[in-house]
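Both complexes shown next keep subunit A, but they swap its partner, so subunit B is in the first and subunit C is in the second.
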Partner chain A sequence: MTSAFSIFKKLNIFKKKEVPTKNRGSAAKKAENDDSPILSERLALIKKRLGESNDVVIREFSSSNDKVKMALLYIDGLVDKKMVNDNILQPILSNTIANQYTEKLTSENALELLQKHITSASELSIAPNLTQALKMVLSGDTALFIDQEQKVIICGTRMWEKRTVAEPETEAAVRGPREGFTETMRINTSLLRRRIKHENLRFETMKAGRRTATEINLVYISDLVNQSVLQELRRRIAAIDTDAILESGYIEEFIEDVPFSVFPQIEHTERVDKAAAAILEGRILVMTDNTPFMLIIPTSFFQFIQASEDYYERPFVAFFLRLLRLFVLNVALILPATYVAVISFHHEMLPTSLLLNIAAAREGIPFPAVAEALLMEGTFEVLREAGVRLPRTVGQAVSIVGGLVIGDAAIRAGLVSPGMVIIVSATAISTFAIPAFNASIALRILRFPLIILGSIMGLYGVIFGLIVILIHLAGLQSFGVPYLSPLVHGTIGDMFKSLIRPPLWMSRTRPDMLKLQQQQRQATNVGKRHVPPEKRELTHEKMEENNAGER
Partner chain B sequence: MLEKGKISPRQSCQLLIMALIATAILLVPSITIQQLEQDAWLAVLLGTLWGLVTLFAVYQLGLKYPNQTIYEYAQTLLGRWPGKIVGLVYVWSFLRVTAIVIREFGDFMTTSFMPNTPISVFSISLIFLAIWAVFAGLEILARMNEFIIILVISSLIFIMLLSLDNWDLANLQPMFTADLLAVVKTSFIPEVWAVDTITLSVIIPFLTRPKQALVAGAFAAFFANGLLAAGIIAALATFGPFLLQITRFPILTFVRVINIGKILSRFEVLVMVVWVAGVFIKTTLYLYCACLGLAQITDLKEIRPVVLPLGVIVIVWSFSMFNNIAELELSMSTPSARPILIYLGVPLLLLLVSWFKEKLQKRQPRRAQ
Partner chain C sequence: MKQMRKLLTIFLCLIFLISGCWDYVEVEELTLVRTIAIDYLPERRAPYLVTLAISLPADIAGEKSGSGGGSPTQLFSAVGATLNLAIEQASLNLSRRLFFSHAELILIGEEAAKHGLLHILDFISNHPQVRFNVDLLITKGFARDVMTTTERLEVAITEEMIGMIDQARYSSESDPLQAFEFLQKLVTPGQDAYTALLLKGPPLEEEIAKLKDEQKPGGQEESTEGGAGGANGGGKSEGGSSGSTEDIQEILTMAGLAAFQNDKLVGFLNSHETRGLLWFLGKTNRTFLAIENPEKPSETISLHVARVQTKIKPHLENGQISFSVEVITEGDIRSQTGNTEIFTPEMINKINSAKAGAIKQEMEKAMRKMQELKVDLVGFGTILYRHDPETFRLLEEKWPEEFSKLKVNIVVTSEIRRTGMQSHPARLRR
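This part shows the complex of A and B:
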């Protein structure tokens, strides 16, 4: 009995497959054991670990009193060399400056003196061993090794070539700030700080990617954000175990709720004002180093038909634009399918004269409507993709050749009917009118099965496909928030707000679906806003009177 | 608990409205007009009352036995086996409604829109959607419905407004000439009275605020039947009773004749589109109630194993139930005792039993303790 049990135990241990982690652990341990405080041995070890890469710079030197040997380690291109010279090397080496401390340097007090009195770098920290120090160095800091000293002084000297803040290309706006995020985390955080000058704005750092060690910042307002969403987000990001994170899309894929869905469950943005608005609404922004695209969590579907501009224009304009986008969304999804269905099955729906026109135009076209639709839609997708990949100057030529020449020639050659070309181009324009690219491409993908369904079962097929999509959408969640909220599952007020952007002085509360700590956004400004004409204090006559008094 | 999701009273109200309208709008006008001519809408309004009685009984029971469906409290009230038998009767009747709805839908599609397509295409695709949605759960069904109901209600109202052009109010006369007995008799046709309130007996335990179920259900019954009555009046005003008696789907004909400026015309296909969505909700709701019932009666831990088999049974049943649409219509329009027994009698009986039990417990207070 006992022996059988012990066999089980052994089997269990066997099953756990701890082998790779053990290996990793022991390798790290071995490296730590090799790490000795003696400078020459240490430098040899560094050379072994970093290899012969030509951007690794090691500078050995002694203090001005020649008592302590030291060495600097940094990666060329990641550091500010002027800063390394002026703030680290200069104070230690020169005795021209009246610095009494450089004279007192010995290997015993070196660490303390250097840290407290000699080096003048503003960011300074201590790494306990070589492994930690190397991590910092690879991020752009400078390490100062001291002979006979285990600890390493790390000076913050990060400085590299950065792209300047530029206008976001993917999300243009007529009105609104022109600043977009860049690839550098520090610039991005400063852009946000400048917009939200509140003490509760938090930047929480996490790391992901075993080889890339990519920095991830969770940005939120601590007295607004829903704590359980935040915890879940932390948990999911901490659970990422991969070697590389190169773009926020990697993170998006690792943390989204339903991996097998066409629909994007996390919104991303390049616009700083949009990100700031999301944070102020109680959402969490996930910033990833080396990419200008930030993730907004949680996301619901109707965010994709909203643009930051809605809030800068007047409410009526925003209402009109949102209605337009909703309409365009439907057109992009079902117009070609409906056209195919009507042409193939429901002729009676069309007014007679229109039907006759279409029938006349279709005469002599060898394909059924489906084939025509799939052909044209396919061509359009190819053109669009080609236009994205080509250099901008050539891209225009492609659109002219593709759109005008091929379209016209296809009609003349009798391959497709003019009606179909109109439908396909209307659909194409509609997809471009949806503000979010990832949402519009989801609709583009779904268009094809809908066309096929429409050609098989007519409008019934289209509605069948739409119900399938609806079942899927109704089941989706983004970090606990139902995807179709607030239209579904929300309060009536939020429902209207998703379509009608209320005047700012009227929208008192933040969205209910986010379940925030503080619901209220502002005081009631409604009553103060409208003054009936007879009670107005500032009138034209009064303006004149006051002027007369001044004179 | 078999269902983990919760739905709000508002969502339950919307589900009920959808279940009531989806099929009623199709056959009820012609059935009631055949019996009562211009007073058809009276029967519909009167029928709401019977639905409210069911609702009241179900609501009281739901409050007395919180977190229990009718399948569960039937067992606590009547004893294990009699309760299970009552539960099975409900599963049977829910399945029957599902089968009828699917059949009705298939017949409607084949007779009105796609005569060359076999009926099985429509039945099977519909049950496919329903099974999928039942797998997804009640919460997701309710969410979908919130989306669909906006479409359905707004298009129904839109259609009625467009038809104003065709109205001739003289067609509505003479009013109030029907025999009162005939009105009452017609109002007992199960499609006419708001019989779908019985589904609340399954839904109430999954409500976030069960106490509001009464208001939600009553609102749903009044709203749906009011809309239905308005639809009947609109159809009557357009055609007059004699034309309507010989048309099978009055609402469809009604939309067909709408012609505004020669642009807004012949969009009955859109009615079909909207109606498919409604029927899908109703089918799913009833199939869900049946599946949940069978799972609870057989003490299963999950609803999943019974969904597919019941779906297949429903399909076969819908094929074999009637030979053609005329037979279906006939069976619809003949009042029978069975629905009255099941939807009115049993809930009231259960309510009576629970009252008696309470009385008995009060009379012999705490002897056991």
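This part shows the complex of A and C:
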């Protein structure tokens, strides 16, 4: 027993440790000290710091009156070269009459003249020193160094190859916009801006990742969002001290409340409409550069059985689908375990004829029901995983082989009973019917311990396992919002809303559990919607009367 | 907190130890007992003869019937001093574990029922697997003989009997009870228990063949009895068929009741008396009555009874107990043997009173039989007890005697609601 506890103690090594930042800080300071306004020294320093990378472009030149030496620094492939030529180089170098200011350039007034009159780039800023300038350059901006000038002009020239906005593959919808997020932050922000044209929509930039310097945007509506959640989120993201952030999953792992839980505590989406809906509901969207997956904070469990389509189809459809998903969720979790438990222990629970059929089918199967279940579930998981990774053309071959092996050959060979195949396939289909992949895979993982519990202790074990899962779920929180809310800790209206999607004109308030600044979403539309017949303007009778009058 | 965690961990580990796989059984290692037939062999050291009808899984059964045409039921018999011993004896012949949770039927032979059901009921209620809602049937003669009957419609004889029990609930010729209902009746003071009777005999076709041989017009008698004819045919032939040809395939009939005094069988009610009893209990449903046409006595009208309501009230006058029984029935006219215009209000009134009379006659017949056997199957004693506990307590000891002298005043009211699909009788061309 004590050894088991010592394992827990050892787990403490996973706690975040302060990474010594001393060396790093002093190195940066040293570099700053080396920084000098003399152009040639500066360029040497740049070459030293960026190394001999072949995509670093340094273009030295003089102004047309030959009084000021300047240099351009940009990364090839990240900038719009045409823009650099037309808007920066051309105006400085050309000596046309139209450009009277280039004549007056001296090293003293260069910064001001260049900034105000000469360069025609629309995005322009000043970096105080080389280190700042280099950061911007590495993000795709162009730096203009002036001899004898400490400050650096930064021109916004970002332009690189982008994936076009396409339909999100992981969250396809029958009805709804087909646009999904892309890997480019700017496109993504524009997609959101186009949906929420409100002055209070905020994009707050943060950076994380020591080497990747990944841009992270917190998107929220400033007069809705719960300030304490926002504060906490800022704090947690600022505390991320890691080498690289390559995907939003990295951030998710760093900021989630309970790291050792199979359940996803932060929802992610590729759908723009879903993200917009979350923001409008008062949640915070965490956008990460270079990935189309955005995090939604805070998250509760029931979000995983909701799809954006629920709000585009009629309420009845949504109600039915949500019930179906809830059912399917349970099937995916407990069906094989229940089957194994009943087959092994509770023979009296089945109708006689069904039991006789199952017994007949199991006749001659060499394995106990547990082994059979684990074998089939395992095979299915392998097939699914193989299908995900393989190219589409090969994937078909896998599915055919897998289908034959699972469906037919295994039964004929007497390895598994047909009943188990039905159970496993029903479970498999059920897991695919859950909208969120990360939630369904959590259930899939939990299925295996439940099967084992069911085989050892029967239904008692299954229920025991379910209670353990439920206790765990009830203990989870996502940024202060209970994971099972609104089912626990919610208003009655919100409880109903988690299952029944009310008609849009009836859902007056935002979820109570988020504790927002403004609870009310819209005015009471209930009374207004119904217009008494005498006040209706375009009834058939009136139209006919009008027509008659005209005649 | 840490202490709690430690304790919790210990408990979690214990769960795996205290409730392990010890009762883990694969389905295919079980044999499902569907029927338990219990017979009593008096004057033996091991008097209980138990016959278990075991259903075979469809696959094995299919293979067997493909080659040899056997039935999917196998019978295993054994004797023992108690039922448990007998079952243990029977399991010596079995390659698989016996499983009783799917037993739906317990057949009790006449001799066992006469000996007393106490041990059997105790077995049912004490056994961890046998359910309390098994159907309890009494057979005339040996219960084992019933089990060897060949099934006609279902795959196994058990299914056939279960089907017959279901059918019996839609008619009024018998009233099969489940074990707990039987026990309820048994333990209630002022009430005697009964359950349905299962008969085995040659089918009506054999009778018809015999009748043809005799060339006598005796067959008419049979047909006038309407719905009860088939059942009676089976019942009547019981005595006669015992000595006749052996290759006759005998069939099962569920008709009549076995009446118990305490836990011992004392007599049988035939299907007419059974219906008479069911009128008292208000349990008749969907039965047919044949009455004479009030205008032309040679013609018969058959009536369908759809709804029955019975109220029984005790009366105490000068220490003399009597009961008034009020029966209200509803129903339709179904057919007639002639073509009299019977759908007029006057005729319907006459038919109503004739129907009431027929019902009253049946009830009185059943009452006479019960008083003869001294079994209070209706539960007059219970009704008295609920109405006047003091009086019943005084009579409790000698209630069977009191019951046999009981005066019952029966009032039947009948309503004919519908006249079937036609509003006129079939017209003949004149």
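As a working rule, the second predicted complex is superposed on the first by the 513 of 551 C-alpha atoms of A that agree within 3 Å, B and C clash if a C-alpha of one lies under 4 Å from a C-alpha of the other, contacts with A are read in each partner's own complex, and residues count from 1 in each chain.
The rule is short, and it goes like this: a residue touches a chain if its C-beta (ideal position, glycine included) is under 8 Å from a C-beta of that chain, and two chains touch if they have at least 3 such contacts.
Predicted model only: the values in this text are computed from it and were never measured.
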Does the superposition put A:482 against subunit B (first), subunit C (second), both, or neither?
first
Once chain A of both complexes is superposed, is A:345 in touch with subunit B (first), subunit C (second), both, or neither?
both
So, A:464: does it touch subunit B (first), subunit C (second), both, or neither?
both
Quick one: is A:357 in contact with subunit B, with subunit C, with both, or with neither? Answer first, second, both or neither.
second
State whether A:474 touches subunit B only (first), subunit C only (second), both chains, or neither.
first
Would you check which partner chain A:424 touches, where first means subunit B only, second means subunit C only, and both and neither mean what they say?
neither
On the A-aligned overlay, A:455 touches which partner chain: subunit B = first, subunit C = second, or both, or neither?
second
Subunit C-contacting residues of subunit A that also contact subunit B:
345, 348, 457, 460, 464
Can you list the residues on subunit C that touch subunit A in the complex?
6, 9-10, 15-16, 19-21, 23-28, 30, 32, 34, 55-61, 99, 101-102, 104, 129, 131
Would you pull the subunit A residues touching subunit B in the complex into a rising list?
342, 345-346, 348-349, 351, 457-460, 462-464, 467-468, 470-471, 474-475, 482, 484, 487-489
Touching residues (chain side subunit B, partner subunit A) in the complex
8, 11, 109, 113-114, 117, 121-122, 125, 129, 132-133, 136, 140-141, 143-144, 146-148, 262-263, 265-267, 269, 272-273, 276-277, 280
State the interface residues of subunit A toward subunit C in the complex, per the touch definition above.
1, 4-5, 343-345, 347-348, 352, 355-365, 368-369, 455-457, 460-461, 464
